[in-house]
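Here the structure comes first, spelled out in structure tokens, and everything after it is commentary.
Note that the chains are named A, B, C, D and E in the order they appear, and that numbering of residues resets to 1 at the start of each chain.
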């Protein structure tokens, strides 16, 4: 196990998250993809933390986790709102605002 | 660059990747959330392997325990009553695939070329160290983070709370959709 | 240090501000305030002319206020001989313009406000000695036009034809909104070019200044000049109606209300030519000398092509509008000669054409107000009922075709003489031909409108000029003749400026004095 | 601890105000309208305080540096906040009377985040502040929920959702990029960046820039802009279209010039590309818009392009001019949105056509809108001209002539659509004749914007001097 | 009073009159006062001219007074002023005298006009005299040009005096356009001269090539103004104006300006033999051609018009032969007798209310004075020995003989015969023969009209004897030589009259009349110009107009259209789908990363 392999693993997860983000129609599924991406970022931190040492990387992960959770909370609220509006959480339905 | 074989990583990495793939491709949203849980657990294992047990713990607690639960809740709440599972989108998936792979390839190549290899892992930071830094160096950030969480909570509550008389009236008239949290006031 | 120049600029602006305080119902007060503002600037313009020392020449009545010194921007006002002549022109036209818009019925407060703002900008351009301020005033002069045309203008239909018929779906070609938008956009594309040129001059001036006196002394690298000149030429040239960027002009002038047409064709188009002369020719002389043949060649296209287009028009205002394109070509031709005769002629033509076209549009406005049509085919015999209008119209026609005894002759003759003297003597040929074509179309129009049997039916009782309407034709017509018989009234000012600027350009003068045949 | 208090006094004040508002609301008995005025007053007090109390200084470890630079931004944010609160007051009390306090509180939270951003010199603080600025915006964007006139498409949730998804994606990228950057440099301090720059750092930094670009609404991270502007409550959009932009600009400036300053060759091309793309795309996409909010949205994208041109200059002058630009942009764009809001309230729609006859109905509103539009178009004697001019001059001096020319060319497109709006307001005759009704707060807010746009247009020097001072403070302290 | 002041007064007096009438509208609108003002102006002019003449008789020298007019780089590019010499003073007298007579005549002739029109008429007359005087006294070619153009303007306004008549309007415009077309030559000539010599003096001596160019270009203007072939077509049409106007403009003064120009610029023309060659031939052709057409005109004024063109042909031919004095002399005599003829014709027209020869006949009993005047004029025109026309025509033909231009000489002799022949025709048709319906009610005009006739009859008879004096004024040689020319010329005149009596006395038709009539009605030259105008000018104009509207402007529209369409189609990228928005973020990141990596 090297830093490189860890980073590439993270990149893979990030890419998968990206893929999910841009292909899934379901709002919740998009949230899941965002989670994957955030998770990938955390992996990178952790990997650097392991190989480079020092507390900053790990601290950052903690902050990142908190931020992600906050985002998820708001995101889910929005999903709920969307569902009330359209009766579904397929975000494609929410495309009225365009001309 | 030397590539040493590491059993833990060799097991964890495929789990993470495969479960992540299932997250984005699973037709059933509940399944997808569960697969996410698997990914996150795998990540926690990776943290542990990376000498960050504290992180692993946090990961399990907040993510697997918190986020995944929240997600499942979200799915349950918003699933349509006829119970049909959502299908993974296929529209535009080629574009997504292309750009996602482009991103991956790009990043991998750069990583490979930069070769940030540090053969000897540094000494790990203890939880105590973390706490010290958190409350000194990162104090302001920490404070701001608390504000951030407060804002998120307030925001989330405001969004889902149903108080607006107009909406309530509409709901009573049946023009809006029936919801789990019928009418608050 | 007198503040004559500042007063000249400020008077209309302050009158405009005062207009805001006049209640909308006090319509006469509104007009009087506007007129006073205009008259004050005319008077100060005349005072400027009397105070200007012709023997000394150069820039006089200097006023400077630092505006953004860190960027080399100063509010620097001063006047040279050209400026004197053009200030007078502007003062005359705005007074005539205010009088000509006495009968504006709709939203008159805004109308006068915009008119006065516009003219303040025009005054500013002619006296600004800081490139930046020059540009600033230029923009102020150009922009109110959008609303003036768009709100108070007149629309008409242009039949869809030609290879670009499909664009009619998107544009209401011929409508006032179309005209206003086209005019504004084209002129602002020009402004963008000017801005780039300005940056180039500023950045290469060494001193990082916009002071035109400093810039005049600066020897810019030839590469810079070669970029700056075409930008200035086309940028300002768009306003001067340089082919093929003239197409805003016919539609714009045809759609604009009377006073606006008067001001726009009479004064605003001169801003463009003045910019080319003052910035292009004076600040970057080396590139100007290189580009002059092209400028001149395009100018003669303007002269002839504009005249031919005018000859084909059936709408009175379009005829006058195209004649402006043609006459501005004469101005540009004069500028391109780069000798004293040509420059004098160009500036003189600015004045002559300004007065002439102002008169034209004032009269067309009168005719239109009464007959409610601009189609020549419908008119005829109007001289029986409106002889005064007919008389002044004929006078304007004569100046337009360059008849001796009118200002137009002096101007055109000097330009042609300058052209013939310059390195491209043949420029004079299409120029003179253009004057002939002008004779054809103006007299044809004049005949069609005013001559013939007395009008019948709806046109039988058209009124001749009424009291307030006398002023504009009388003043402008008289000046056409006065300046035609005694050109030195203005030429003495203009010449001293041309001399000064030419004297600083030894290379160019040597080049221009190659006598050809 | 004292140093902290002093340096963060203004930020604490705003955060405290947020909590105070929430608490007052929880106590009950105070009408939302009063809360709104109270919020504005609190912000006003903080703004006034900023002129009498110098919060300069830095906290231990150099995590945060305060000075003229920070103060400039804080004032901009405060002004934007006050104007937005005043502008929202009537709409809120009429449309969502039951959740006014939360609105103000969330706006104050967001403001707190913004105010911390410019001074942050540590990645963690920067990130948290940035997110603190962003997350309340997601909520506010979706504020309309299902309310609104029956004939209007209810795009409130959609507005929030679009902002959220693009925002979350951007955040994820920022996080990932930061992970690379911090990992490579081994420190969360921005100052560690230049010394340790590897290619991975650069890749990470690009992702961070992308995150900032999202907040700025720069191309290609701008897709949310028109949709969100259309769906979110217009008074909020007025805020959204200026304050977070200023925040994003502050963050981007700090990240590039302070953190990454010596690596200009790496980031300058990226900024230039984003700037060019923003100017072109914003202006072209705005052309066919029929909804004023969308139109102003795309115009905002273009305006951000202009700011980035100044930033791309990478010089102290460029920074100063960007500051000037964004400060004036606050007044201009906020004012424009508020006028549109006022007009739409009366005519029932935000389409350009619905503005017809505005100048007849309410001459002052019409004139204000014209002034704002002209300012956006960069016409002399309103402040937008100076802003654009200064930006271009700075860029020109830095050798970005190409960008300047491009900007000038596409500015002409801009003129077209601004004038199209002006045409509706001034030239078309609408059916309605009665004056637009607008509350005192809204009028006050618009009047302040108008006064600022015209006043600064006539005499830009004070603000230029201030911006220069802020920029020089920033460039010297790094 | 100094000669220069006198000259200025002579020039400006009509201008003052015109200005007064223009500004003080009531004066003009009343009618009669306008006539007095104008007459006063003309009288002052004439008086000053006579005083000038007396001064010269007393041995006064040439005087030239100028002042700068147009500045160019601190020096005067052009000057204006007066030149008093042997050419300008006699010409001034001729012009003022003829003008005064015509104006006097008009007082009665035009009295049926409404007062406003009457006032306008006299205002224009004053303007005309002013313009003509500018030409006459001008010290350089530029001022001459200015006056020349002003003459064109007033002639335009006078021809179009009856502007309600479409034909008059058309004729006025046509006259202006044709002369303006030719005047371009003048302008070019001026420019070439200016470029070559830096001045507009006719005394300058440029290179031979330049002189040829300048004179050739000036001659183009002469062709137009003096109604030479092929630009003569405006002259017959110009008869639409009131008859006194025809007398003034198209007989004595305006058309003479062309000849006057050549006389003035003789020093230049002397340097350009090629131009003179051309002039000789143009003059000859015009003389013959116009005489032929004069033969078949039914309108008395048109006969006179063509005869004018023909006589101007003589003058031009003389100038072409290098005998400027001959041309000038003929110009002077022609001015008197042609004015006389026109005014007499006017008197006839006034009496019978028709221009047509068919409506006349047998008028000699009813209008003896007019008849006498007309006959004197006709005899003078025909060149019957003893009359003024004889001397001048003899000089013209003699100069051709002297230079050995035998072909033109022969042709002009033939033309002289024709002249006598067609004038005989007119006299016989109008004054002898049977009375027509209209002529039966005719009666002699009043003194106001016959008076000027009598005044003009005197110089028509006697001015031929002034040749010697005139020659001394212009410092030319002059002697009546008794050679081939006078004999042939006088026999031609007499033969012509005899032939006319033989042919027309019995009511016959001229030989070849049919052909000539065809030629006249078909009017090839006219048609050529008309189609040139319609197809050439208006055709190109409408093409240009179309191109501008639909191609050039179309291109501008297209630019706008393409931009807007571009915006509209680009808008489709804004799908409204969140996924796509997210995708754009990804794209952006990838691009940025690429930039970062590749940089």
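Everything below uses one rule, namely that a residue touches a chain if its C-beta (ideal position, glycine included) is under 8 Å from a C-beta of that chain, and two chains touch if they have at least 3 such contacts.
All values reported here derive from a predicted model rather than from experimental measurement.
Asks: Count the smallest number of chain-to-chain hops linking chain D with chain E, moving only between touching chains.
Replies: 1
Asks: Based on the averaged CA atom positions, which chain is farthest from chain B?
Replies: E
Asks: Counting C-beta pairs in contact, which comes out ahead: A-E or A-D?
Replies: A-D
Asks: Averaging only over C-alpha atoms, locate the centres of chain C and chain D and give their separation in whole Å.
Replies: 42
Asks: Report, in whole Å, the distance between the mean C-alpha point of chain A and the mean C-alpha point of chain B.
Replies: Centre-to-centre distance between chain A and chain B: 5 Å.
Asks: How many Å are there between the centre of chain B and the centre of chain D, using C-alpha atoms for each centre?
Replies: Result: the chain centres lie 29 Å from each other.
Asks: Between chain C and chain E, what distance separates the C-alpha centroids? Give it in angstrom.
Replies: About 36 Å, centre to centre.
Asks: Going by the touch rule set out above, which residues of chain D reach two or more other chains?
Replies: Each of 124, 127-128, 131, 135, 138-139, 142, 145-146, 160-162, 165, 169, 173, 183-184, 199-200, 203, 226-227, 288-289, 416 in chain D touches at least two other chains.
Asks: Two-or-more-chain contact residues of chain C, please, as numbers and ranges.
Replies: Within chain C, residues 185 contact more than one other chain.
Asks: Multi-chain contacts only, two chains or more: what residues does chain A have there?
Replies: Chain A, residues with two or more chain partners: 7, 14, 17-18, 21-25, 27, 30-31, 42, 47, 49, 52, 54, 56, 59, 63, 67-68, 70-71, 74, 77-79, 81, 84, 91, 94-99.
Asks: Go ahead and list every pair of chains that touch.
Replies: By the stated definition, chains touch in these pairs: A-B, A-D, A-E, B-D, B-E, C-D, C-E, D-E.
Asks: Quick one: which bits of chain E touch chain D in the complex? Just the residue numbers, please.
Replies: Checking each residue of chain E against chain D gives 560, 563-564, 566-568, 570-571, 574, 576, 578, 580-582, 584-589, 591-593, 595-597, 599.
Asks: List the residues on chain A that touch chain E in their complex, please.
Replies: The touching residues are 18, 21-25, 30, 91-92, 94-99.
Asks: Looking at the complex, which residues from chain A come into contact with chain B?
Replies: Per the stated touch rule, the residues are 1-9, 11-29, 31-33, 35-36, 39, 42-43, 46-47, 49-56, 58-59, 61-63, 65-74, 76-81, 83-84, 87-90.
Asks: Write out the stretch or stretches of chain E touching chain A in their complex.
Replies: Interface residues on the chain E side: 571, 574-580, 582-583, 586.
Asks: Per the contact definition, I'd like the list of chain B residues that touch chain A in the complex.
Replies: 1-4, 6, 8-9, 13, 16-17, 20-21, 23-25, 29, 32-33, 36, 39-40, 43, 46-47, 49-52, 54-55, 58-59, 62-63, 66-67, 70-71, 73-75, 77-78, 80, 86, 88-93, 95-97, 99-101, 103-104, 107-108, 111-112, 115-119, 121-125, 129-130, 133-134, 138, 141, 145, 148-149, 151-153, 155-157, 159-160, 176-177, 179
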